Structures are given as C-alpha cells and as structure tokens.
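The same chain A turns up in both complexes below, where it pairs with chain B and then with chain C.
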Partner chain A sequence: MMAGPGSKIKDTVVRRETLLALLLVLTFVLVGLQYPRFAGFSNITNLLWDTVPVGIISVGMALVIIGGGIDISVGAIFVASAIMAGLVARDIGNPVLAALTGIIGGAVLGSINGGLITKFKIPPIVATLATMSLFRGVMTELTKSQIIDHLQGSFMAIGRSKSLGVPTPVWVMFAVFIIAALALRFTGFGRVIYSVGGNERAVRLSGIKVERYQALTYVISGALAGIAGSLAVARTGTVTPVAGTGLELLVIGAVVVGGTSIFGGQGTILGVALAAILLQTIRSALVVVGIDAAWQEAIVGVIIITAVSIFVIGQRRRERMV
Partner chain B sequence: MRALDNVSIELAAGEIHGIVGENGAGKSTLVEIIGGAIHPDRGTIELTGVPFTFSGPSDARARGIAVVHQEFHSLLHLSATENVLLGSRITSGAIVNWPRAHAEAESVFRELGVEVDVRAPMRSLKPAQRKFTEIANALYGAASVILLDEPTAALDPDDSDRLLRVMRLLAERGLAVGFVSHRLEEVIRITDQVTVLRDGHKVGTWPTRDASVSILIKHMVGRELEKIEPQTKDPNAAVALDVSGATLKGVLDDVSLQVRSGEVVGICGLLGSGRSELARAIFGALPIDAGRISVFGSDLPLGSTSHAMAAGVAFVPPNRKEDGLIGTMDVQKNVTLAVLRRLRRRLLVDRKKEQAMSLEFVKRLRVVTTGIDQPIETLSGGNQQKVLIARWLATEPRVLIVDEPTQGVDVGAKFEIHQLINELAEGGMGVLLISSDLPELLTMSDRVLVMRSGRLSGEFCRGEATQEAVISAAAGHCLT
Partner chain C sequence: MATLTDGLKRAIKVREVPAFLVLVVLIVVFGAVESSFLSSSNWADLGRVYLAEIGFLTIAAAIVILTGGIDLSIAAILALTSVTVGMLFVDLSLNIWLAVLVGLVVATVAGLLNGVLVAYVGVTPIVATLGTLILFRGLALGLTGGRNVGGFPEGFQSVGQGTFLGPPTQIWILGVVLVGTIVILGRTVWGRWVYALGGNAEASRLAGIPVRRLTMLVYAAAGSVSGVGGVVAAARFNTSRADFASGGEFIAITAAIIGGVSIAGGRGAVYGAMIGACIIAVLRNGLTLGGYSGFMQIILIGVILIAGVLIDRLMVKRRERREVAQQLEAMEATTSNNG
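Up next is the complex of A and B:
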C-alpha cells in the first residue's frame, strides 16, 4: 500500500507556498547583495504599495477561478471604480462617500457579470470579455477621454496616510488577504465555492443553489476591484480611462502562479498573495538590475509558464499514482 | 506491491475467454499488457507460438491484437465510417473516396449483424452503437485477437444482449475473444473459458460449463458471500412516495407509481426510456410539465431539489464521476456536501461535527480508506460509491432514489451496497432502485416496474419477474 496519498497532496500544496516564499526571500537576498537599498524597509514598503491593485484584485479573481469561472473585466471595473470615486472626490469631496462609491460601483458592475453568467448562462470568459469592453467604453464616453484630477485633499489623505510606517492601502490589502483566506477555509461559503469548482453538477444535485454562490463571487470580485480602484486614485490623485489596461492579465498570472487550478476547485489565498508580491518584486528587481523593459515582461511570462507547468506536471504525476 | 504477479493466460482462437476479478485484481493491467500499452517487468507474449515484445499499442494493433476499452476512445465529432476506418488508408491519392469508405464501413457492420448509420457522427450514436463501431474498427484492422474491457457496463439489457451475440459471432469467425466483465451472469452465459484474478494473482482458469456465478464470486473474493434473503413486506405500510401523472413532453408520459415504506421498487428500462429522467423529476432536478409528487402524504412543489430534500427525498445519481463526486476533495467533504447547512454554526462550518459525522458514516458503510482526509479520487469505485451513498444517508432521508448504484463496483462492495439498501428498507425507508443490471433488479426489488418510451409498460411482483419477461416488456418485443 502507498502510505497516505492524502498527505502527499497536502505536501504539494504546502510545498507550493513554501517555494513561493523561498523565491521571494531569494530575490531580496540576491538583488539586495548588489543593491542593499532594494532590501531596505522603504523599498519593501513601496513595493508592497505597488502590489496593492494586483494583490487585492487577485483575491477576487482567485475566488472566481476556484469557483470554476473567470473574470476578464476586473481591469475595466478597476478603472471604472477609480473614475467614479475620483469624480465624487473632485466634485463633492466627502472622502468616505468617494470610497463607498468606488466600492459599491465595483460591486454593481460585478453583479452585472454574475447576472449574465448565472441567469443567461453565458460562458464566463465571453461574458466578462464583453463587459470589459462595455465598461471601458461607457467610462471613456462619460469622461470624454479626459483625465480626472484636482481631487480634494481629504480623499488623497486616505491613499497616502501611513500607520507604523506602512501605507494604509497596504494594510487594506493585508486585511483583504486575511479575511478572504479565513472565509475560504472556514465558512460554508468557502466550502461551496471549492465544491462548485470541483464539480458543479454534483453540488447542484446536492440541493445547493449553485448560481447564487457563483454570482456572489463575481460581485465580490467587482467590489475588490472597486476597493483597488478607489485606493489607486486616492494614491495618485489622477485617473484616465485607459488606466488599468492589461491589469486582468497580471492578476490572472498571480492567481495561477499562486497555485490556483485554472480548472477550478483548488487554490489558496496565501499562495495567491505570495505570488502577487513575488511577481511585483521580480518586476521591480528587473528594473533595478537594469534589464530592458521589453525583456521584463518576457521574463515574467516565462515565470508564469514555469509555475503552471510545475502544477500541471505535479497533478499528472498524482493522477498516475491513482 | 505488484499489480500483476506471474499470471499466465491462453486465449484460444474461436473461443470467448472471460476474465473476472474484483477492482484492483489486475484485469485492466493484464489487458494493457496484452494490448501493448504496458511493458511487463517479466514474462512473454506469444502469438501463434511466436514470442513478441510490443513497442506500444499501435505495434500490438499492427500484429492483430485489438483492445476495446471501457471508456469510449472514438472521435466523437467524426462519423462512424471514419471511426471504423481509423488507422487504415481510405484515400486514393490525396482525396478521400467517401462512397467507397461508407460502403466498406457498412459491410463491416453487416458482417457483425448490427445496424449503424455510418454517416452519423459518433456523438449522436447510442452507447451500444459506439461499441459496435469500435469493434468494427478492430475487425477492419484484421485483428485476430480482440479484448473487450467491460463492454456492456454502459449498455442496457437489450443492447448488452446484442453485443454478446456479436462477440459470439467474432469467435465463430475464428478470433480469440477476451471478455473482461463485472457482469458475471453474462460471463457465465457467453464464455467458453473463464479466468479469475485476485489481488494480481491468477486463481485459476476453468471451462465455463464447470463454473457458476456463485463459484466465480467465491474465487474472486476468496470467501463465500451469504445470499440476500428477501424479506416479506407489509402491504399496508404507509405510502412513502406517490407519483401521479408525471408528464414531461417527449420524455415522461403520464407516469404514476407508489413506493411504500419499507419497499424496494425497481425500475427497468432501456437507455432513453425515461427511467433516469423520472428519478430526476421526483428529486426536483428536472422540472416536469404536469403531475403530482408527494412524500408521506404531503405534496412537493415541482422542480425544487431543496424542497424535495427537506421532505426527505435523497437521490444518488448515476455516473458518480460526473454527477456525484467532488474529485478535488477528500472523503469527509464529499460525505457532508448535502448537509453543509446543518453543519453551519453562524457562517462557519462546524469542523468537529463534520468530522464526527463523516467518521460515523465511513464506519457504518465500511468504506475502506486511509482516513477521512484521503482524496476521493484515490478510492476504488466501490468505496467511492459508498461515500456517495453516505452523503445522502447523512440527509436522513425517508425516500431513497438510487440510479445505477453498483455500476463499475466490484462484487464485494456490490454485495454490501445491496445489504445496505435492504437494511434501509427494513428501517422503513421507501427505496426506488433504477438499474440496468437485471439480476440486481430482480434480486433486490419487491416489485419491478418497466418503462418504455417514457411510459410504464409493465409491473411484476417478486416471483413473477423473470429476465425474459422484463426484457421483452422493456424492449416492446419478444427476444429470440
């Protein structure tokens, strides 16, 4: 008898996250030896600050992908929320109202995705590709392609404030990580999401209203993109309708490098969080060591392929054991 | 551990050789070795006395050894013709000569004595016709040895029968036919020789006329299984499930039936007869146009699985891979899926309660695992099925609908599942059993209802239900 195949799968998962953490440390050590400031507190803080949009949105994307779907529209929702929050901050000025507008706006856009996918049974990739164009188009028209700036200072204060030397947005990101990780692991909601991604038909035949849960993942994904958008505009003070282009690809990259199965049912927030931070760190390290901008993206692409191959090969090996 | 240990088998030309054993006994490994897909660590393969080593399945195929696998390996979007001629040259120059190709495929089917629309895409063909197509492909490739791995597992009785006749025909044409099957009645009926494997070892080979189902089972499990004795049922027990006038256009036509508390009612029917749709309709997973479904006297709203569950209906679906198991999860999470709501404490899943519940069911159903955290995919088919049944027993049902509860399950687990169903019925549950395994249906059911084209076309009590009577009611004609 093979001893405990159960422990083996657990090992793989643990190994994946350990591997990401080791790679992260390794990057800091290697680059830090040459450029000591790279591993310094202020650079690390800045790096985490830069990770915030991808980091927060990756959590929503992970929920959606674990539940068996995908959300291509997150970049568009991100910028739409940033614009909504920016407009409120510019014209009304109430910072709380501005942030809420961004977050709720994101959730509403996410619910459009959820509705299209669960009510009209449009495949997630098609539905969210369409809404991506839709949201971006509407936002461009609404803003007449103009940059939104001159936000009032009280809103910007949220984006730029720090506690314990760490920017508020970074705290928000970590809060999102922790809440999502706990929710996925311990709540009934988390259990159903994993189950739906594993076998949607079986869950439906177990009397669970699958559509409700699936729709909810898109709403959460939208709301998180809204949080990220609000934080981004509060940090920079400006937003254009073309911001966040290609963001969805960075996010999906982080989710799969983090060990989430693109087929659904498997993945952890810890892995996704580590991957988001790792990818940002590597991008930043490539800049620091002076690698050409064109090569940077190519190298990130290779990292994604490598990570996913390791996952797929590991899975095949497991299947062969069976 | 060895998957197969020092096993020798001889397939004679013109004979059907049955290969039986429980899951994990090594049947599939043996088939893979003969078919060239697996290299044995030791041992030889001889064809007409000449030893061979195969470099792979295509090599074995070129030498006349064909394997028809349990799962369909055909190209579903291509026509039957293309699947029959697969691997052979059907082109003249660069252009496919379609009229000739279709004619050739048709002639192969004619030889087999079966009817298949050669121009139809495979996906539109019935499972039996797909099997015939794969057999035709083997025949067209001039096979002299053909191994069929569980060919009748997905077929209904009528089609199984047809397939057995095709196998006999192949043997009469001088092929050596290997028949791997869990359906021991079929093995006894059709084979000339039978080999029993257990835990990778060969128990023995016997002429089939000296064997019987019970002898085979004894050799397969290494012990004798007690017979299941039918209990006498109370004819005045409360009606657990009452279906009247269930109708769904083109699928179900005015179906009415009753299952009393403590009763096991079997439903027999060919694929497409509506038997599985009826089960789904009762469970609320398939909305119906008209009809009334009530459980212990109270009506269910149609088309709502949650109401059906709340009323105490449980449905163990067929196809445990597609409709049942969450392959990415462990035993425990698969057991508790249908009762998650009951395990919730506020928003959280009560882990202690969940663990206790799954342990209880694993023990009660004698699921063989290394622990409740073992991934479900690594369990044997029989144990997976038990986990699926456990999921539904956890809902504490009063009406249990089971569709193909023992398909692809080995003899030992099958026996245990049968025992369990009987125990549940004795405890007052009303059981609706749908199965294409006729002997199972006949031994388990107090009454057998037969469905044909969405209608109930016959009812037999225990004792009057014989294989012949049930099959002809299901097929709508008398079988010769």
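Up next is the complex of A and C:
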C-alpha cells in the first residue's frame, strides 16, 4: 500500500471518532445558534446525565463485542442490579452497601453468562437471550412485580450529588470511559481481547487461555450494567421490574455507531463514548427544536441505519483500493 | 426388535423430535393438573391469545435464521402493519380490506428494506435489523402519536375473534402460511438455496446461486409474514397500537431455536420452529391457568432454551464423532486395500 502523506491525513479525517466528534460539535453549533440555552452548561450536564446508563453499559458491551461475543442480557442485568441496590437502600440504608450490592450482583449475573458461553459453548446470542428471560423473571418473582421506592436519603444523595457543578454519575461515566480505554490500550487483557475477536483460533494456538478472557468480558459487562443500575435507582429513587426494557438495543446501537465491528476485533472506547453522547444529544436536540417526542425513535433509527451503511460502504471502498 | 431400536435411533437423530416430546409431555402434564386445560374453549384461547401472532413471527424468524441471518425487526413490522391498517381505516376511511392490503404491502416493503441493507449494502443482519427495529417502532409511534387506533367492522374483527369449522380463524391462516412456507422450502429450488446459503454462503455464491437476490427475498418474505401477524393482532384486539408484540422478536427467535433451528443457519425446519412456538404457547397458557405469574413463564422459557441448546450441542458432538470415526474406518479400508 502506498502510504504518502496525503493518505495519512485522509485516514485521520475518515476515522470514525473524528466524524462523530465533528457531528457532535455540529449539532451543538446548529441547534445552539437558534436556541442558545441548548449549548449552555446546565443543558449539557443534564444531557450527559441522561447518557449515563447507555454510556456506561456501552463500554461493557463494546468489550464483549470486541472479544467476539454479544450480550443481550444487559437490560435485564441493569434492572436486576437496580432492584438489588434499591432493596438494600430501602431496608438497610447503608448507601455504600447498596451500591456494592448492585455492582457485585451485576458481576455475578455476568459471570453466569460467561460460564454458559465459555464452559458450555452456547452461542453468545442464544445464551444471553435465555439469561435475559431468567434474570428478568427471577427479579420480578422476588419483588412480586412491586415498584420499589421510599429509598433512604443517604443513597439518593449519591445519585443526585454534584461536584464542580457536574452530577456524580457523570463523573463515574467518564471514569469508566477512561479506565476502559486505558485498559484496552495498555494491558495484556486489551491485547488479548482485540486479537481474540480478530482471530480466536490463532490466539488459542498461541497458548493463551482464550475462554478466561472472554468470560471476563461478560463479568465486566455485568458489573458495568450493575453500576449503571445502581446509579439509575439512586437518581430516580424508584425502580420497576419492567424498567430497562429494550435498553440492550440502544446500547448495541451506540456501540455499532461508535465503529465497533460486530464481528469483533475492532473498535475503540472513544468511538463508543462519542456515539452514546451523540445519540442522546440528537434526541435532546429534537425535543428542543420542537419535533414531537413520538418521532424521536424513528429519527434515531434512521441515524443508526445511515451511519452504519455509510461506514460499511466506506470500508468496502477502502478494501477495494488496497 | 432390531428394526424398532433402529427406528428409535433414527428418530432421535431428527432435530425436531426432542421438542415434540417436550410438547407432548407439557400437554399431558397440564391436562392432568388443570382440568380446564383440555377444554375446547381453552384450546381456542391457546390458539388465539398465545399461539397465532407469535406463530407468524416464528415463521419469519425461522426462515431468516435458516439463511444464516437474523431479523430483530419482525415484531416492529407486526406493530407497524397493525398501525397502518388502523390509520388507513379510521383516519382516512379507507375500505378495511384495502387497508389490509396496503398494510401487507408496507410490511413487505419494510422487509425489503432489511433485505437491501443486508444483501446489497452489506450491513450485518443483527445490526441492520436492530436499526430498522428502532425505525419501524418509531414510525408506528410517530404516526399514531401513541394513541390506540381502532374500532373495526365486524367482518374484519372475525379474523381475530371468530372461528371457522371449529378452530379460531387465525389458526387457519397460520396453517396456510406454515404449509406454504414448508412447500416452498422443501419443494422448490429457492427453498433448497435457502438451506445452501445458510450452510455455506461462499460456496453458494460460487455455485451460481443468486445469493443477494435470495437474501433480499427471504427478508421481504419475513416482513410479509410478520405483517399478517399484525393484521391478525389488529383484528383480535379490535385496535392497533405502536407497542404491539413488544419484545416478540426474542420470543420468536427462542421458539425457532427450541424447535431445532440452528442459530448458525442451514439446519432445522420451519415445522420444528412451529413446535417451539407451540411449546411456548402451551407453557404460558398452562401456567396462567395454574395461577403462576407471567414471569414464572419467562423463567421457564429461558430454562427450556438453555436445555434445548445443550441437548443440541451434545447431539451435534456425537454425530461429528461418529462421522470422524466413519471417515477413519474408510481411510483404513482404502489404505489396507492399497497395501
């Protein structure tokens, strides 16, 4: 391949992350010119606050997909963790214990996925489809379909507190982004995950215990869904067993728009984070511009389809050039 | 005696047999425990409420999975179709049967969009149909603004609430669609191609099968069949809503897998998938009669799905081992002949 200086510039411009960042800025500028408050500090922090569940869970999903799997059960783990954390916050009251329960509970559920997929060799989509039913079902039995509310104030304080004017959950989300990006780039775990998604057989033959790393991605995915669930219940102070329905679809949407290949081996946390924020920004922009809320989903659908199509066509053209 | 065990062995090799046995056991157990389960009114209820609409979705899910793809948008197409029919009839006062026709055209076009994205643009099926799921549900929601659209004439309602020679009307429609699908898959070149494509896409392309057109048509067909489900749902509820069959795509895919359709494509049968749909319908109906909550049903469906896949893996492994053993024997035979 000829790698002149021109192609290097082109590579940077074509990169998914750059495109997403440009789109994000463009949205703020265009909508902000008409409605200055849209680009204001309080709207941006609120918008990021609304991104938190999808943003945090997308990181776990990205790890799973980069490693060659998929996790349909994240919405169910999200709500299961929210319920576990909510029950502790209501009946015991210790906020740290409540948050830990949600996170560890999520990790345990994630390890069930990891076990089914790596020990019993069930295809990831089938295994997590089944556990999606299981987790939701068990939680609803436990709670008898009741809404959990009247949480104690100390737990809610975590969800609603701010530092430097930014809500704590938003800080947590950015911490998750940064830690995951660093881990993927600079640790053995990251290298193995990328190469497993790229060529599982080759990695296996080189003597690495592939299953252990793949199982770990599901545990992390579960733990992150647990963090998101705990933060969500701490923000709203209430949770129902049907919450988070369809969340897995939004999450996979963000991961894919963010440039992660659904076949594994490719993708960055930066891209996924930008995509999650962009999708929420567009949703919020539609409301500000005055488009009926009922049409939001359709427009988000069009955006996902267009983004993915352009990416696929661009990739094919690049392959042809090579 | 030998022939009997041979027959049994052959039967167990067929992927659909375990599912069928589970179905029979469930029916026997529920029949024994719940006296009302086997009543004719409950049979009608079972078909109408628990089987028909999921049944259409299951056929749609199965034919796409057989090609090695997946379609997450089928339940959204069901809802979009029902909403189209409702709005054309209520808001535009169109003749109801004309509205149904337009609804089915919309469903087919929706399926075609999936097909074009997958076959011609080259988007992975799960990603493409995830996007269209959100789009189609969004369209249904946007068009209706979240309200119920309905109040249909009696003739149309009878499609979802009436009976024909005993069974509910929609079970006949489901039967016709099922038989049609089985005939096309089993008796036409296009049907063979579906299995070939699911078995090995690259080999199919090299063999001259019009892979792209075939893929597109299968997704379009899945859209049409889901659309029929949408018409039936509108008739049964006498209204249409954007959130009809929410999550139904997952139930349908589960049914297909329970019924022996391999998620990797190329293996399984549509009638097997329908057995899977029947298992889920019987389970939900029987547990409801027994007073168990909806979520107990969901748990059991999850358990059966995992058990089914584990059994399937075991069978595949045994068959592979047997095939390898046979190949080894054949190789030994040829080498000893040569020597």
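We take it that the second predicted complex is superposed on the first by the 309 of 322 C-alpha atoms of A that agree within 3 Å, B and C clash if a C-alpha of one lies under 4 Å from a C-alpha of the other, contacts with A are read in each partner's own complex, and residues count from 1 in each chain.
By definition in this document, a contact is a pair of C-beta atoms (placed from the backbone, for glycine too) under 8 Å apart; a residue touches a chain by one contact, two chains touch by 3 or more.
Every value quoted in this text rests on a predicted model; they were computed, and no experiment measured them.
Using the contact criterion defined above for the overlaid structures, shared-chain residue A:253 touches chain C, although it does not reach chain B. In the superposition on chain A, A:265 makes contact with chain B only, not with chain C. After overlaying the two complexes on the shared chain, residue contacts for A:204 are found with chain B alone; chain C is out of touch. Of the two partners chain B and chain C, more residues of chain A are touched by C.
Contacts of A:192 after superposition: chain B is touched, whereas chain C is not reached.
Note: no residue of chain A belongs to the chain B contact set and to the chain C contact set alike, using the contact criterion stated above.
Partner chain A is touched in their complex by these residues of chain B: 1, 283, 285, 305-306, 308-309, 315, 317, 322-330, 333, 337-338, 340-341, 343-344, 347-349, 370-371, 373-375, 377-378, 391. Residues of chain A touching chain C in their complex: 70, 72, 116, 120-123, 125-127, 129-134, 136-138, 140-141, 145, 241, 245-246, 249, 252-253, 256, 262-263, 292, 294-302, 304-305, 308-309, 312-313, 316.
Put simply, chain C touches chain A in their complex at residues 70, 72, 117, 121-124, 126-128, 130-139, 141-142, 144-146, 246-247, 250, 253-254, 257, 263-264, 293-299, 301-303, 305-306, 309-310, 313. Listing the residues of chain A that touch chain B in their complex gives 1, 3-6, 9-10, 186-189, 191-192, 194-195, 197-199, 201-209, 261, 265-266, 319, 321-322.
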